[in-house]
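Next up: some structures, all given as structure tokens.
Note that chain A is present in both complexes that follow, paired respectively with chain B and with chain C.
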Partner chain A sequence: MPLPTAPAALRAPARVRWVPLGTFALAALAVVGVAAVVAFLVIGVRSGPLDWVELLSSSTWDPPRSRFGGAAMIFGTAAVAVVAVALAAPVGWAAAIAIVELAPVRWRRLLRAASELLAVVPSIVYGLIGIAFVRPLVAGAAGVPGGDSLVAAALVLAVMVLPTVVAVSVDALAGVPAPVREAGAACGLTRTEVIRSVVLPAARRGMGAGLLLGLARALGETIAVFLVVGRADGRFPTSPGDVLTRLVRPGQTLTTKLNGPESILAGTAGGHWAALCGLGLLLLGAVAALTVIGQRRAGVEGAGRRRRRPTRRSVGGGMGRRSWPGVGRVARDRLVRAGLSCALAANLLLVVAISVVVLTRGAAALRPGFWWSPSVGASGGGIRDQLVGTALVVGVAGVLAAPVGLGLGLVMTEYAGPGLSRWLRTLTLTLGGMPSILLGLWGYWLFSIRLGWGRSWLTGSILLAAVAIPPVVIAVASSVAALPKERREAALACGLRRDQLVRSVIVPQALPGLVTGTLLGLARAAGETAPLLFTAAVFSGAPALPSGIRDSPVSALSTHIFTLAQDSAEPGAAHTAWGAALALVVVAGALVLAAVPARRRMERNR
Partner chain B sequence: MRLTRRCSLLALVLVVSVLAACSSTEERGRNGTGGRASSLRVSGSTTVNPVAADAAEVLRQQGTKITVDASGGSAGGIAQLSAGQVEVAMSSKPLSADDKAMFPSVDFVSTQIGADAVGVVVRREVFDGGVKSLTKEQATRLFEGRLANWKELGGPDLPVFVYDKEPGRGTREVLDKYLYGKEKAPPPPTSDSYAIVGGNEETRAKLLSTPGSAGPLSTSFITGFDKLAVVAIDGIEPTPENVRTAAYPMARPLFLITNGPPTGPAKSFVDFVLGPEGQQLVTKHGYLTIAELGLA
Partner chain C sequence: MTAVRVDQLVVSRGDRVLAGPVSFEVPATTTLGLRGPSGAGKSTVLRALVGLLPAPLCATGAIHVLGVDVASTGVDLPALRARAALVGQTPVVFPASILANAVFGIRHVSRLPRAELRDRAQAALTEAGLWDEVADRLDAPADQLSIGQRQRLCLARALALEPELLLLDEPTSALDGAATAAIEAALAGLRGRRSVMIVSHDPAQLARTCDDVVTIGGTTGDGQRSAAAPAAAPA
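Up next, the complex of A and B:
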């Protein structure tokens, strides 16, 4: 069937049945995937006797005696996430206000991009930073031997959560229309007063969403926490005062428990496995709820639909009430602005410090030979095979994620009614917020054990595709939403049916989004460790390129760093680990950087 | 438009080729008897790992495909062997009745490749301060978190910090067996001077970074680390002689475990480790060889 070139020939393209069929099939694949993860956890829970009351309330976790109380893990998760967000949210909010309200307009994009650089750094690299800097800090300050503690994990998480808070808050602030500010200024308010009484009330909902999304990210993080939180189970605090003591002791969170050796030792049925799956369900429920609520609040439609009624906090009301005696309005304005700028400076300083640390410690990777020589023994040599393995797993993940993401995005924007569309959006967000260790365990159970693939690179690709799909869907959906109404109308006026419209107008429109979304999704996937640990990677002996599917593991950069960081005391190992970390940051950074020109070019060529 | 078509074509070709690759290997796995004639997977104990990794390195140069992984320790290796995920499990403890009860369908065959001692490793300043030997009762107090200061054992005035291994580690089981015999070990103490560690390298790193600490660790892992010392148990030091005669209570054999007698690549791997070259590797990493144990 020759495909017609529509405008020149002036006739409608032929009907194409495969368009709706294909998109629906691909979208269904994604839906089935998410359902499968939930089903896996439910099957796991039902595979053995599980006392939910004990799991939620007891803090005795003793597998040999079949006692499975998860209270200590639940406490650990909550404590780590709350402390992290409590540290990150004020700094993130202040920095976002400084970026949008104080910085010159031409710097705004640059500053925002700079503060988002923190999000490009993979979590395994944050783990290394935690081992090298945060653990000694906690060891010295709190007298904890080794520094393994919940608070060390919280400090690392605070840095990881920061870019989420900043990005969402910047979006919320930028959404406040400029005339509102101008009106405030015209009333004679100072910059600070405009921010407090005009901008913040309008942006509050979105900024709160930043906090929720940050919290979700903190709850789901696995690898960075695992490396600094210790291996002991920890305890549930016995009194309110005990909480502080518990914070400076080793403990477990839900994610680190699932990432530990018990998941392999528990077998894939029975009480122990059921208890682990129960913890997994709890984790998934909490993260999914926070993500969905947070995204709804951050979404434009949410902010527009529900306008808050003016409260006393709005213009005027709050002004006089909290005036500081003895400090003039102008002085106060300066003081607050200085404070906000300091927060932004702290944020940027963090970016610079982390770049410097990764660059200096990762000096090994500055030697070209490091990139293309194979690793030797326990910690020597280069990272050639790891690089090839990561490229293979991530590349195939991209091939899988792009069509599925496109299909889901098209169904969501073009075919589904408002109800289904909202539902699919929720599903995408749930997948995007899914803790990667749950994907890892699902892959372990389904592919490694049930299908008997053992460790296979393809399992890794499938799991990383799941990581990469949500950014693809979101980018496709926003590309399609940006289609001018006139073009759609023109196409319909030409007599195009919906599938023809999709193929000839919508898909070309969505392509730039597809490419950027895929690249961004892959940048995230490249740094993932937890999905590969049990399913796809081994430390040594995997051939650079696997020859089949079953029992064909690869070496990957992220898991290589994980093993080097954890199981080695030799200085050589740290050297190699940091070198590999720099390489991983370079890979992820290159994917993100490639996304920008790729999009620009495709939009020009459209 | 042309771009769309090209992109979708490319994606289609890639997906199809991946699917084709899938199905072709499926078939190979089903048809080929033994399936993976020249490939071997090894996993388990971090104590045996250095020997196995070096041996695998040599065999790999001769064309055998071997992957070595040390996740989950001895019990992890045994679990993966039972699940058919590896052909050879490395173990730094004898199989227990629990292991056999958990995997009744597996025909475990253990081949001893050497021996080693689990030492109660303390910091040099504790050792030099007077704690040179522990009785069983003292060791029990230490690992149950009922010892606050080394003074109580006639050592220096220094708080005690205990690192025990996580469950499933061979080292932990050997220690528990010495302390409690056939009884189950009590749950870990709730003392704040107690933490849990994983592999041998991690244990060593933690001991090196914590003054006044003690922990169970393969004695060969502290060679060359002056800050650490091994205490005697009931006055018996873990010398090679005492390990050989099993006079030292925490001497332990090191095993390669297979499901059924080793065949194919698993057999050549086990044979290599038992052979002269492999046994040299056992010596190189500080363990006792089969010959030294008088078993050869």
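Up next, the complex of A and C:
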């Protein structure tokens, strides 16, 4: 009996060649971008004589006499980051435990969102807060004139790092299955004992990752530190006891050195430039290593991660119970819970305090005219041109980042094998953790000097796109990972080719992630200052909308605040700076809020 | 002419044998049942026929489906899957309308105009016994359907391809009595017109719907793992 056969026209599945071609081209763009930054630093190092031993061991930085020792900056960076994380980690961990383990379930999302508000505030605004509050505090407490010091930078960074520690730790704690907790409680353990003996051993790895990612953030932060650290070269402790004294004195970190005028004055070749690029490589290496290790531990890496064998300590946490003489189990339980709640309260208090400060000091922005009148002179007027400039640079960055991020995310999840996929993920994380000042220097070298664009808004857009791409890739990849495997199989079982699968099943699945990731990425990009300073923005004299690409700078909110903040002695400048800061927070906050509905939809689709 | 010819098929992960060895044939326009205890690899065998084994699994032995040697390299698997449509155990609907779900496969493998696609959908939904229930709400989201209706929608999605061979993996395992009856009625309508393979753990169902039944993965009386043995064909 002949088989019933269908007409030939039905058997010619349409190939969609543009899907793989397009995704690969876009992904390649991102890969080339990261490679270019590393290559730029390496070329810079090789452009002049550089004595690595001197760079790492000497603390004498004296460009006119060609002495380039970076030890003081390395010390400054390490001291600032370690003190910041030492302050932030305990509070962040305790607050995370309180959110997941103690707070009522329906409040959990709200509390988490509230503590993440700290992450919405751009670093330039933290810089302003540092100038207005932390410097006087340090000046009063430690008797440092002006208060510029490493510890002031560390205090500001501690607040900035806090949301990272809280968010990653909350994820780790929420990942511990409820039945495990229940089994602990069913044995008669108190809430505190369940946390200590059941939950923490399971979540410890992720919480450790929060610390590493916080440390990476602290090492790479530029602008907030720049405004309060004092930027004094050559301050290296002469004895172990000297370390503490140095902390309350002005210092210099790697990022603040790179963000300073020297990067422009050094030219783009020769010993001075090579030394700066060497410092950049050190910074990039440290931040990239911490970011990649931290993300892998946090479980972003997922597949192929090695499981650590449970050690005696990690499973037996509750066996050797420390005895607190004179305190009963129930009393101890109450005590610990009170302590955890205090940490959460402190966290929320910080959020409230910063909101109040930004709102009251930024009163200038509450006047509608401030938003749509142009700035006048050194510190007067409004911020119309800065808003337009920021919108242009950030908007174009979004247009660039969304397709590249989608392409990279699709290649990573759909086309690449496990090896390449892992490698691309590492690359994305590296780009995500890359100190933005390095992006700024690369953009300055490549676009402003080599391509002769001078200051151009387009350079700013390209650099901010690089800032926004990693969140896009991560969000796209996690939406695609959430695709039920049955749905994939059902599509393949109908005879779809892979490109058709990507176009008709995977891309629709990835869209909410694309939207969320782009909005969150742009919220981060809108607050960036360092990439724009040398490349795209001027304080005054630029038209609101540029007419070309070459030598077409704009004014931007973040760089506007930065310049005003350096001049904070003048009351008018401070007033305008805070007003612009409130406007910037509103812009970033609006982008984050816009991402919420998309995220909701994504969660519902799972 | 045979729709499927399988000879000494073994599916394994590394050294571990997951299914087989198994041999069977499906003559054209007949219905073959595949029976066995859970974990015997029935679904795995079905997936091996159209090259849908998940990554670490690999199949050895000869597999010929609709005249195509599935094991050879360079086979156009998507084209084969459009001719030998598989319906999975859990009813999968795409986040789209009922109509869009019904034409999901055919829309990709052909370039039919929209009106013709709709006709195909109607024919397939009728054949799957779902048309009367959804005719007035084809543009409603498919996830509003009950589980039983979804399973028939999946069947319709496969039928819209007008496949020469239909592979059904536990088509009623998630369903209650009434929904099972609806699916079986749809299968009865296909009998003698298309080649069909049905995997099920329910011998009574296979007896009702199949021309022939093959058992895999059971143990024989002396404790040996049995090779596939054709069971007695039901009357």
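Heads up, the rule we're going with is that the second predicted complex is superposed on the first by the 560 of 606 C-alpha atoms of A that agree within 3 Å, B and C clash if a C-alpha of one lies under 4 Å from a C-alpha of the other, contacts with A are read in each partner's own complex, and residues count from 1 in each chain.
In this text, a contact is a pair of C-beta atoms (placed from the backbone, for glycine too) under 8 Å apart; a residue touches a chain by one contact, two chains touch by 3 or more.
Worth saying up front: this structure is predicted, and the values here are computed from it rather than measured.
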First, second, both or neither for A:Pro508, with chain B first and chain C second: both
Chain B versus chain C as contact partner of A:Arg249, first or second or both or neither: first
Contacts of A:Asp233 with chain B and chain C, given as first, second, both or neither: first
Chain touching more of chain A, residue-wise (chain B, chain C): B
First (chain B), second (chain C), both or neither touched by A:Gln500: second
First (chain B), second (chain C), both or neither touched by A:Glu489: second
First (chain B), second (chain C), both or neither touched by A:Phe539: first
Common ground on chain A, meaning residues reached by chain C in one complex and by chain B in the other: 3, 5, 504, 508, 605
List of chain A residues in touch with chain B within their complex: 3, 5, 60, 62-65, 139, 145-146, 148, 230-233, 235, 245, 249-250, 260-262, 264-265, 267, 377-378, 396, 399-400, 402-403, 448-449, 452, 454-455, 458, 503-504, 507-508, 511, 533-534, 538-543, 548-553, 566-570, 602, 605
For the chain A and chain C complex, residues of the former touching the latter: 1-6, 9-14, 484-487, 489-497, 500, 504-505, 508, 605
Contacting residues of chain B [partner chain A, same complex]: 1, 3-5, 7, 11, 14-15, 18, 21-22, 24-26, 28-29, 36, 39, 41, 46, 50, 53-54, 56-57, 60, 65-73, 75-76, 79-80, 83-85, 102, 161, 166-168, 184-185, 187-188, 190, 192, 194-199, 201-202, 204-206, 208-210, 213
Chain A-touching residues of chain C, taken from the complex the two chains share: 1, 3, 28-29, 50, 52, 54, 66, 78-83, 85-88, 90, 92, 94-95, 104-106, 108-112, 154, 157-158, 161-162, 164, 193-195
